[in-house]
Each structure stands twice: as C-alpha cells, then as structure tokens.
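What follows is a structure written as structure tokens; I'll ask about it next.
Naming follows writing order (A, B, C, D and E), and every chain is counted from residue 1.
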C-alpha cells in the first residue's frame, strides 16, 4: 500500500507545475488550464487524505471543487471570449492598458 | 424554523436576487423597472432579520453561525448594499448596464459575503468566496463595451482563481491536519498539539490560508489586481467591491485566524505584521502620484487594508472590535467618495481623472462639500468616522505593544492625507474644466446624505457603534 | 456655560451657511458679514463674562463640564478653564472679530464660506484651550487644521496651495506621533489602575518607566514645538503667514502658535516631569537659537509679512525659554507673553493687511514716506511696533522682562543670550518701520492712499488699547494666571510654590521688601535665589545650567 | 503729588497727540508750555516739602505693576535730594526750552507743531519717571521712554533720510546699552532678590567691597554702566549723539545736552552704594569717562557744523561727569551735570538762534561777524562759552574744578593720569568753544544770509533737498534767494530763555562754592544722603535679616570721601586745592588764547596748522572713522550673514530643504514603485507567487 | 502491484501536466490535460474512490474539458503570439524567474510533505472503506447540505455571469 505522503508529494509536484503554467504560457486558455491542474492537485490531496482519514469528506469536497472549477471555467472562458472580441488576441501581456 | 434561523438573512438576499433576475426576464426592452427597490427591500429585510437575531447566537446546518460578529458584518453589508442600490438607480440607466443581471449579481455577491462572514466551515467559506468572487468578477466586466472593463475583470478573475487555488490547498492541509473542515475541530486539533510546536501541515495551512485572505483584502504583495480592477470596473461597482469585499474577507479572516488558528498566533503575527507594514507603506506611497481618482482610491483602499491588518495583528478583543468599526466607517466613507465619482460620470465619459474635479466647488458646492468630508474621513481627520476608526485600530496596536506598526500607520496616514488633499485642491483651489456635471438623482442624493450622516455620526458619537462592535466579538475567542 | 462659549461660533457658522444662500451669493454678503461679526462679538463678550466669573485665587479648573463620551475607553467630554487657559480663551474671543473685520474689504470670494471657516476655526481653538480630556483635546487640535487649510488655500495669495498643503502636512506629521503617545499613556493608566483614561488629571498620576516617558515626551514635544514653531521646525510658518489672508495670519499668529506653547505647558511638561526637566535645557537652547535666528532672518526680509512671521519665531522663542525655566516668573511671563504676542503681532498683521489692501503688495521696497499721506495709520503702526519691540509701558515688555527674570534665575547664560533679542527686535522692526513710513514719498502709487477708515479704527483702537493696558496694568492679567502656573510647576518640579503665590498686595513700597533672598554671590547663589529654579535632572547640558 | 509731576506733561502730550492737528499753534504750544510750567511748580513744591520732611525723601506707591513669585515691582516714585536736583533741572530748563520752541518751530504746519510739542511733553514725562522711579524697572520705563522720544524727535523731520536714520541709530545704539541695563537688573534681582534702589543699596552695603575680586556686584555694575554708556553717549556707544543733531535744535538742547544724556550719570549716582562696592567698575567708569572726554574734545576741535561741535562738547562734558563718578565724587559729578545743563542748553539755544537767523545754515565756515547783527544771541552765547570754558566765577568753573580736584585727590591708582587728561580736555574745551565763538560771531561775514522768510523747515529736503547730510557745503540753495536782507535777532520767545539761561550759567555754580573759597559746597552736603544707605532701608533690611550687622568700615566710598573732605581742612590739603584751581584757571585762559590766536588773530595760521598736520586733521574731521569701522565691522557683516547664511542658506536651504526633501523622496519612491505595476497580469501573478514562496519559505526554514 | 500502478499513474499525470504547460499549442494542451485527469482518476481508484474517479472522468474530462476544447476551436488560435515585451519582467528573463519560483515552491512543498510520514496517520490501510456511494450520499446531504445548496447559488452566478459577459450587446 502506497504511503499517504507519496500522494501528497505527487499533488505538490502537480501543483507546482500548475503554477509554472500560469507564468510560462502566453495563452489565456493554457493559463486557465494550468489553474485546472492546480485544482486537481488539490483534489488529489483531498481524496488521499480522506482515504487515510477514513472519511468520505475528502471526496465530497472534491465534488464541490469540481463544481467550482466548472463555474470558474464558465466565467473564465466567457471572459476570454469577450476579451478576444475586444483585441483579437489571447496573449495576456496584450491586456495592459490599465497599469501604474 | 429556528433550526434555519441563522440562514434567513442569506436566503432573503438570495431570493431578492432571484426576483431581480426574474423581473429582468419579464422586462420589456426599454422599460424601466424599479429593480433597485426590490434589492433594497431584500436588504432591509435581511438587516431587520439580522437585528432580530442579535444576541441569539443562532446556528444552522452546522456550518452557519449567525453570532453577533456575523450579524454586525451583515449590517455593514446591508448598509453597503442599500447605498449601492440607491446610487445605482440612474447609473445603471446612464451606462446602459443590463439592469437585472447587475442587481442580481450584486445581491448574489452580498449573499455570498454574508455566507462567508457566518460560515464556520472552511469549505463553505471557500464556496462563499467563490460566489462573491465570481459575482464581482462579472460586475467588474459588466460594461461590455469597455475594453478596460473586460481587461480588469479578466485580471481580477485570473489572479482570483490563482489565489483561490492556494487558498484551497491551504484548506486541504487543514483538512489533512484535522480530518475535517469545521473550524471548531481544526481549532481543537491545533490547541491539542500545542506542545512540541505546530506540525508542518499546520504551518502550510496557515501560510496558504493567509495568502488566500490577503489576496481578497488586497494586502501587499497580493494587491496587484486592485488598482487595475478598481480603475477598469464601473465606478459604482468599484465602490461596492472596495467596501463589501473587504468587509466579507476581513470577517472570514478574523473568524479563521482568531479562532481556530489562534494557537498559532506567534507564527502568523510576524508574517501579518510585515504584510501590514508593507501594505500601509506601499498603498500610501504609490497613491501619491496617481492622477486617476479611482486608482488613487484603490491605493488608498490598499493602505486602509494595511490599517485593518493592524487590528488583526493586535489579535486582541480591541483589535477585533476595531476591525469591525473600521470596516463600517470605511464602508460608508468610501461608498460616499466613490459614489460621488460615479454620479458625476456621464454616459460616455468617466468623471474619474483628477483634473475632472477642478472647480467643482463653484458648480456643485454641495457635492464638493460632501466629497471633502468623505476625503477627510479617509484621511482620518476629526470629526469623522475615519478618525475614530484609525484611532481605534492604532490604540489596539499600541495596546498590544506594536508601537512601530502604529507609528508607520499614523505617518502613512499623514502621507495619504496629501493625496486626498490633491482632490480637495482640485475642487476648491483650481479653475474649472469642461468635465460633464450631470444632474444627480434624488435617490442618489439620499444615498450620499445617508453616507455623510453616518460618517459624521460615527465621528462625533461613536459610542453606540463601538459598543456594538465590542459586543460582536464575544463569540470569537 | 463653557460649552456654550465653545460651540457658539460653530452654531453661528452653520447659521451663516444657511443665511448665505446657495453658492456664492453676492447680495447676501452684508448679511453674512454682519451675522458672523455679531456671533464672534457675542462669543467675545461671553468669554469676558467667563473671566468676570472666574475665581482668580483658585488654581483648579473652573466651570468644569463632564459627560461620558466613549465610556469603553474612559473618554469623556471633559472641559474646564484654569488661569492658564482663561486668558487665551479671551484672546481668541478678542481676535476673531478683528480677523473678520480685517477681511471686510479684502475678501469678496464666497464670503459665506470664509466666515464659516473662521467661526469653525474659533470653535476648534476654544476647544483646544478648554479640553481637559486628552482625546477631546486631540480632536480639537487636529480639527483646527482643516478650516485653516481652507482659509490659506482658498483665500490666500499666490503660492497659497503650496503653503496650505505644507502647513497641514507639517503640523499633522508632528501631531500624529502625539496621538500614539496619548494612546500609550491611556493604556499605561489602564495598566496601572485597570481602566484606561484620557482625563488629564488622572494621567498626571501615571508613573512611566524612564524610556517610555522620554519617548512619549518627545512625541508630545515635537507636536507642540512644530506648532510653536521652535527653531528647526519653523519653516512652515513663513510660508503659511505670507500666503494666508490677513484674517488667517491674525488668527494663525495670534492664537494658533499659542496652542503649541500652551500644549507644552499644559500637557508635555506636567505629564512627563522628569523627561521635561531632562530636556528643558536642550529645548531652551533651541529657543534661544530661535530668538536670535528669527530676529536676524527677519531683519533681512523684503516682505513685511515674512518679516513679521520670522519675528514671531523670535518672540515665541522667548515664550518657550520662559517655560523651560520652570519657575514662576518664567512660566508666568511666558503665559503673559503668549497674550502679548497675540495682540501685538495680530495688530501688525492687521496693519500689513491694511497696507496690502491699499497697494496689493507687501514688499517693503514698494513703500516709503507713508507718514506724509496717512499719519494716523502710521501712528497706529508705530504704537504696535513699539509694543512688539517690548517698550516698557507696552505689553511686550512685561512678558519679556518676566521671562528674562525667570530664565536668568535658572540659567544666566541663556538669559543673556536671549536678551540680545531685545536689541535685534528693535533693529528689524524699526528698520522696517522706517523704510515703510519715513523718508521721501518716492513711489507715485502711494501718493493718494486713504488714511484709516472707520472700520480700521474699530480694529486698531482695541488692539492698541490692549497693548497699553496690558503694559501698564499687567497685575490684572497676572493675578489669575499665577495660581495655576504654580500648580503646574509644582507638578513638574515637585516643589511647592504655594509660599510664593500669595494674593498680590497692592502698592507695596520699599518698606515691605519682597523677601530678598540671602545668598552668596556667584551662579549657584543665583540659582538658589528663588526656589525651584535648579533642575534635579541636570542632564548632559548641566554645564549650561550651571 | 509726585505722580502729578510726570502726569502733567503726559496730559499735555495726550492733548496734543489726540487733538493737536485741530488745534491752533498758540493753543497747542501754550498747553505744552503750561504743562511744563505747572509741573515745574509742583516740582518746586515737592522739593520744598522734602526739605521740611525729616526723612529727606518722599515716596509714592502708585500701583503694583508687575508681580510674580518673589518678584514684586510696585510702580513707585521716590523723591530724594538727588532726584530733586534732577527734576528741577528737567522741569525748569524744560520749560524754558518749551517756550523757546514756540518761537523756533513757529513756521511748522499746525499738525507738525502739535506733534513736536506732544513729543516734547512726552519726553519730559518719561524723563521725570526716569529720575523719580524708585526701582530699576520703573527707572527703565523712563529710560526707554526717553529713548523713544529722542528717536521720534531726532527723526522729527522724517522726510529727511539722514534724520530718520539718525533717529533709528540713536534708538538702536541705546538698545545695545539697554541690553546691559536689563542684564544688570536681572543679576541684581537674582543676587539681592529685590529691585528697589533703597533695598539694593542696603543689601549691597552688607557685603564686602569687592576689591580686586570680580564679584557679582562688579559684574552687575559693569552691565549697568554699559547701559549708561549707551544713554550718555560714552565710548563705545557715543556715536549716535552727534548724528542726533539732525533733530530740531531745541531738542538737541533739551534731550541731547541738558537732560536725557545725563541719565547715565544720574543712574550711577542713584546706585552710588552699589558702585562704591565695586571699585573695579569705578575704575572702568573713570577711565571710559576720561577717554571719552579727550576723544570727543579732539574731534570737536575741527568740526565745522556748529551743532556738531556742541554735540562733541556734550560728549566730552559727559565724559567729565563719568570721570567724577568714577573717582567716587558723585556729588561733583551731579554738580557738573547741573551746571552743564544750564550752559550747554544755553549754547544750543544760542546756536539755534544763529541757525534760525541764517535760515538753517549750520556750517561755521559760512558764518562770521554775526556779533553786531545778533547782539543778544552773541552775548548770551559768549557767557555760555565762558562758563563751559571754566572761566572763574562762572558756574562751569566751580563744577569742573571740583571734578579735577576730586580726581586728583581720589584713591584711584592712576589718578594723576586721569587728572592730566581732564586738564587737557579742559584746554581743548576752552579752545574749541572759542573757536566756535570767533568763527561764528567775529571776523567778517563769509556770506550774506537770506532773510528770515524761510526757516528751519528748510532743513526738510521737501524744500531744499541739498541739506540732506548736515555739514559741509550744503548752503548753496539756502541763500539762492532773498539775499541782501537784514538779519534779525532772536524773537522774544527765544530771547527770554536765552537770557534766563545765561543768568543761570553765571550763578548756578554758587550752590557749590568749595570750602577752599570759603564757600560751604552746599550742593554736596545736600546730595550726600542720596549716595548712602538710608536709615529706613537699613532698618527694613535688619528686619529682613537680623544677622546683617553693618560694619562701619564697610560704608560706601562716598561717605569716606565726604568724611575725608570735611575733616580735610588741613593746610596742605587746601593749598593743593588752590594750586589745582590756579592751574585750571590758567588752562581756561590758555585755551581761549589759543583760539583767539588761530581763529581771531590770523586764520591762515589755523589753515597752515591743518595742512601741516593733514593726516591728523582728516582723522579728526572723520571722527576717527569710528562710524565707518562700526558699519564695516558689525552692521554689514550681520546683514550679509543673515541674508546669505541664515535666510538663504540654512532656512531655505537646509531646514526647508530637508522638509521638502522628504516630500520629493516620497514622490520619487512613488514614481519608482508604480512601475512595478506593469499592467501584465503575469507580473501580478508573479508578485503574488513570490509572496507565497516567501511566506512558505519563512515557515519551513525555521 | 498497487505501488507499480501508483507510480505509472503518477508518472503519466506529471508528464502530461508538464507538457500541458511546456508546449505551445492549446489544443494539445487540452488533450494532455485530459490524459492527466485520466491518470488522476486511476489514482482515485487506487484510493478506494471509484465514484470520484467516475465523476472525474465524466464531469472534468468530459464536460469541462470539452468546454475548453470548444472555446479553443471557437477562437482558433493554434499558436501563441510572440513576446510583446512591454516590460523586462515579461521577457524570457521573467519567464526564467517564474520557473525558478515554481521550482522553489515545488521544492518547498515536496520537502514539507515528505516530512509527513504515514506514522502520522494512525490508521493506514486498515481504515474503513470510503468507497461506498451510499456513504457519500448520506454525508453530502447531511453534513454538507448547506454547501450543496450554496453550490446552487454558485452555479447560478456562473451562469448569469457567463451570459452577461459573453452575451452579445443588446440595444
């Protein structure tokens, strides 16, 4: 049986990869995807901990997180679309009219 | 019934939101509907219920606890909401915002905030956070025509999602720690493991939760979204989010950090002290050179967040009460100030550049006077709410011996006075401009009047409010 | 009674607001002016009544009013008057109507708001002088800045905005630290007795550890010394004075600067006695530097208002010196000098205002030979000038003399240095006076200037009368001051001054000697000559005080 | 009663000051004179009263002026023999000069006329307060008051820059003296705990005389003496007096000759006991006095402005008085003060008459041969000259001789030197006075003066600008018009005072005929008590502090000297006195002779003299360049320092620079920090992320 | 066997996630992410959470990712455009910094979590099974009833928001 900390570490790694994605990709959609990765990493933690705690709460929280992820995705993608309408691009750096 | 007493305010607000939506659905194109009044009714109802619930530390469904603390925040939120509704009435018309959605989202946001303030379960806090965040993101970008709005909304959204991931991770660690997300249990676990110092998980949890909250209250270095979002959003929304979101976020911040995480005080106080100092300094210093009033007030709100963090750092009953009072004072003040900015805007032109205010005194002495009072209150000069608020916060800090933070606080507030005065200088001591000066509707004026009365009342006779604030924190140990 | 006096002007101000109609209504001007003037005069008479009913023999607060305000923090609405504040209140009441009069012709931009701010200012100043609760005091203290800021910023001269902002930021920066100290003090009290209190009399009892006391004292002192303003903190004053409208300058110099010295003597010194005694020599040195420095800089100013402003730096230096001496003569003289300076410098600003109303310039070089065209105004000018250079028989002398006596008893060297101010004041004032009024009438623009108008008579006569009365019958004013001064000094130095503060026997001649002290010659004897003149905590400057 | 004496002139002042411009000349002038005469009458009555009273003094406490802690200053007036002499001089001569002025100033406009008399009255009032004051502060009121009046009167013709400057200079120089006076007062209060003359004297009396020791009393007296040098125009503060001649001539007569300038002398007399206990100070006083006398005398020798000559002579005579005070011969000093008041007033008024007649001409080189045109003026002036020159049987002779004798017999270590200087000065005095007489009245006219049509107001540049700086070659426009008219002598209003004063100058001395001449030096015995500690004070003192027994050995020098004198009727004593007397008589006539030779017999000799010693001449002509030196060494540096270093440098630069610097710094920091807000969401995320990493790092690494 | 499965799943998850971030084409990114989700679902199975695994596949990989896919196609931008360097912080240097930061975070997390030993959770494998759907349902509608209701509002907000933001401009 694999130890809990294996799962935790795995989630940590995924989470870090997710954060990296937010920076290195200059494409709004990929950035959103990175955030999804982060959320999944967290999910993994919840499930694993729930398992080892012997409680189903971990899984339930995961469902809620999925819901949140869905909601965020909906709003986020809607924003992406409206942004694209304004500026025919998805490069986050292109949207810097507000600054300083 | 009484089993659900605690959630009644939320339900009322949520219902009024849904009603607003439905009303929009039945609205003929071009037809005016007093949707704002629906919202106001809902909020007044919520306020009344909250008043009724006062002192009846009601709990519902195990995760909502309408103790006085939550109720006080409910009151503040209702005040903010009502002021927003009053001022929105013709702003919505003028800017041709989708009325139904606008009000619905505002009310949903308030609902989420109330939830956040009352929740005793990290999961629920997270959900509430998401509700209010999503609503506010959308409100930020509700002016579809403006590229700025969309950009602001997106920045706010992206960073919000990013930070909420951290927040969630923090919850995960807290869950790993205690096997539950109920803050009572987390508190117990932490209290038990006092000896031998906190476990790594606990520290990770504290750190990440702090990040999540710090983002919402826009503390440095998690503040970057604030100026852009505030500038890009419709001014009235800026007013709403600068006050309401702060209130809700701080409520949860206090509830989480001062009850379950209280045992870890000596571990998070240093961090938050540094954050507070940075926030106060950067907020004021960068505010000095801003020429856009919304941006300026964004930095000012960052600075105020720093002051509020001071109350949290004090981690004493005075500190908690101070935060509550300060939130109230700041709410009415900032609503007023940004409300005026919003009302002076006209359909095509935002009235938010510093120079737009030149000579306002000549054309609109009344508005100029009100604006002055609000600005003085923001700057913390007597006899205004802002002064009492600052005094209260700083006395909390001093009481706990955080002299340096208090000194930084007062000095930065002097600097901040400088940029508030820049607006005053514009209004009174500079000649006029071509800026549009549309007439202000009666409802909006009523809103401003309410705000200014509140500011002066809290400034001159703060006793009642202070006592309420003190009475509100009893349940947070 | 007291609250009425304090808030009467504010009520009047609000009345004015309503009487003024919408916006800047020109035709309402007369109503507004007369109304404001009436209110201020009523206040003045009320203050006189206060003086009338004041018991000069008692050192306690009188007309005390006490209401709970923020009980949770032991904050009270607690006001009262003692000998130190009484006359300052009267002074405030005296100068405000004059300030309003002085703006009669010069101010036409939105007179409504102008009068409003002046009256609001009066209320806040009165509040500062009557407040016994530190929190209340701070509220008034800070609020004073707001109306003054607007007076300078809106009705001022060319660089008014710079001056106004500088004024408010500079003074605020000083006072916020005091706020911290006040809070700290309150909690120190809480630590000692269990309940926080902002009541001055409670706080006198608080015993602080040395370092805390030092820091708190410095916080207070800086706030007050900036207001005074003492030498290195004075640079806001010239700008504020020069740019402020005449009325503003009158009140600024006449009353506001006194708030600083008043604060020193009422709060900073008695609250932190040992720190005060420790730092007094340092402050005194600064004061003396200020006396000479201010005078020298004043001497070379081309602008009359700036000159008067720097002269204030010099005069207030005397006041601070007197306070630092911490003996009866010094302190009493200081309090008296506050009044003198209020009257005489106020008068000077009125004169300068009259001139610049006529010619719209304050440059000395623009004038010359005015005596030929307006003898009466010049006569008034002369009298005020004499008062301000402390000619015996005028008010200035009494104050400066008492201060010098006190300072000398404490520390002869400082007193000697300060006395040079006597010479210098004559130099700069007379030089200015002469360049403005004597010589040929060179500038054609001055040929046909009108002499004093009735309104200006109405301003000048009371001022000059006060100058002379206070110079000839100072005892009348000194009597109520003495007991309170003694009480305060007892608090600071821990010595008893009761013996010295017996009621004044009128007309005691050479046959009843004022108990000449028997002492051997030499400095030590000098310091022993009058009790309570040597400071226990000598500090590093002991050299000076020897 | 005492209060009445200063009050009457004050009333006159108020009348003229308030309603003057609406009053006719006759009324305002008359009122002023009346006030003075009335005051004179009261003074006489008062003096007689003290003569009767056994205490020998009157005291009146008017009100408690200042009172604070141990400091208690009642406003009280005290009349004793010393002040009696003074008030008689002040009111008496004052009245005469008032009367004279009615004539002299007659051509002023009504307003100016009234202003003049109001100032004059005010001056009298303050002067009387000065001498009547029973304590230092009260005296100081008069002390500063007279300074003020002299400021106003010197600058009376305010349009004239030189006049205004002179006034300012007088006031400021006096202030420098007052600086010393105040410090003296403070030290005395700090030492004795009182400021009342009587009690100070009594207290001082209980102390040992500070022989050699540089004690408190020495310092105090030196400080007071600094005040005296200011008021009485002694080195180093004499510079204002010659310039003070810018004022109307009667003013010069009253203030700058007869009364105010003698205040210093009076003050020392007032505090005789104190000074006697500080021999060091006395030595200084004597030295300064002698030096001043000599210096002024030499300068007076070459001045061409008639009034300036008289001014320097005044300075010189004041030096004499201080010499007397310095050697402890207080009575002699006061005696000379008293006689000097007569003849110097006379001389000034006389010169006034001349100037008046010559329409404002003041330059000796433009006068001459006025003897026949102005007989009254001439003869009275001559008497004055004789008196001051010390010709026997005139008042000046007795007083000056007394001083020289006292000096010679004094205990001062270098009394002979002092005496020598005194003698030389006497010679100079006689010389320059008669140079004046001869140049002005004898010989031939060096220009025909205009008629009396236009008058002193011509001194105002308004009429003739060229008269700005009084002195050489300013006469060109003065006689551009109205030539050939006949000069007229002084009108009665001016003549009568001249005559009275002339009589005074002759006989005033007889109150002080020395014993050597069978006289009984009444004035001295009259004044003595004022220089000792009065019984009442001593008694009060004993009451105050029983321990203080006054050892007889410790009594003041004045007593000693007096005692010595009374007992000293031994033969050799008398013979020295005769010898000295003879010498001084010789000196007087020698001086006159020299003058007669150079300026009457052959003027060219004088010019040759001047040319031969050109250097000295110019040096003297420019008054040893003292003014120039003061200006270059003190005035200008201070101005430059204040402007450059203090104002522009420290104030604007350092202090304010620091203040604004903070503002700048904030602005700069703000400008820099805002750049971090790049606008790119990724930057924002980065910031957020850094925060996370740092916080977690903080937690994990400890 | 479990162990092997874990490591395979972990490897797939990490690699695919890595390439989601590491390559430029959004389309591929979405596909890779779906792969990663699949791998995670497998791990859930290992963790006795079959129901979660199913939802993961159906909702996440199914619904949400399809939504992404849809948008990607809608906007149809295969490549991301080149660096517009508005600020030095946005250039490659900025990217390096970011990577370093992420690595730092990863290290921190790994280091911290590696200290969380299994000993630290008393019951290891012997824990009661959490796989029962019934148990989940009960818990969901008792303990988490409120949260469940709250999500309804959340979704409502999201819907409204999406409509407001993406909807076409009326009037």
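The definition used in the following text is that a contact is a pair of C-beta atoms (placed from the backbone, for glycine too) under 8 Å apart; a residue touches a chain by one contact, two chains touch by 3 or more.
These figures come from a predicted structure and were not determined experimentally.
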Which other chains touch subunit D while also touching subunit E?
A, B
Going by the touch criterion stated earlier, list every chain that contacts subunit A and also contacts subunit C.
B, D
Which chain maximises the distance between its CA centroid and that of subunit B?
D
Result of counting contacting C-beta pairs for B-E and A-B, higher pair:
A-B
From the centre of subunit A, which other chain's Cα mean sits the farthest off?
D
Taking each chain's mean CA coordinate, subunit C and subunit D are separated, in whole Å, by 37
Rounded to the nearest whole Å, what is the centre-to-centre distance of subunit A and subunit D, using the mean of the C-alpha atoms as each centre?
98
Distance from the mean Cα position of subunit D to that of subunit B, given in whole angstrom
79
Any idea how many Å lie between the Cα centroids of subunit B and subunit C?
44
Pull out every residue in subunit B that's touching 2 or more other chains.
123, 127, 130, 134, 137-138, 141, 144, 150, 153-155, 158, 162, 176, 200, 203-204, 227-228, 418
Subunit E residues touching 2+ other chains are 86, 90, 94, 98, 101-102, 105, 109, 112-113, 116, 120, 143-144, 147, 151, 154, 157-158, 161, 165
Give the residues of subunit D touching no fewer than two other chains, as numbers and ranges.
674, 677-683, 685-686, 689-690, 692, 696, 700
When you check every pair of chains, which ones turn out to touch?
A-B, A-D, A-E, B-C, B-D, B-E, C-D, D-E
Listed in rising order, the residues of subunit A that touch subunit E in the complex are 1-10, 12-21, 23-27, 29-30, 32-34, 36-37, 40, 43-44, 47-48, 50-60, 62-64, 66-75, 77-82, 84, 89-91, 93-94, 96
Considering only the defined contacts, which subunit D positions touch subunit C in the complex?
21, 59, 61-72, 74, 76, 78, 111, 134-135, 137, 140-141, 143-145, 148, 151, 155, 158-159, 161, 164-165, 167-168, 171-172, 175-176, 178-179, 182-183, 186-187, 189-194, 196-199, 203, 207, 215-217, 461, 536-537, 540-541, 544-545, 638-639, 641-643, 646-647, 650-651, 655-656, 659
Okay, in this complex, where on subunit C does subunit D touch?
166, 170, 232, 234-236, 293, 296-297, 299-301, 327-329, 332-333, 369, 371-372, 375, 386, 391-393, 397-398, 401-402, 404-406, 408-409, 412, 415-416, 419-420, 422-423, 426-427, 430-431, 434, 437-441, 472-475, 478, 482, 497, 500-501, 504-519, 521-522, 525-526, 529-530
Note: in the complex, subunit B contacts subunit A through residues 123, 126-127, 130, 134, 137-138, 141, 144, 147-148, 150-155, 157-158, 161-162, 164-165, 168-169, 171-173, 175-176, 179-181, 227-228, 231-232
State the interface residues of subunit B toward subunit E in the complex, per the touch definition above.
7, 14, 18, 21, 29, 60-64, 96, 98, 101, 104-105, 108, 111-112, 115, 121, 123-124, 127-128, 130-131, 134-135, 137-138, 141-142, 144-145, 150, 153, 176, 199-201, 203-204
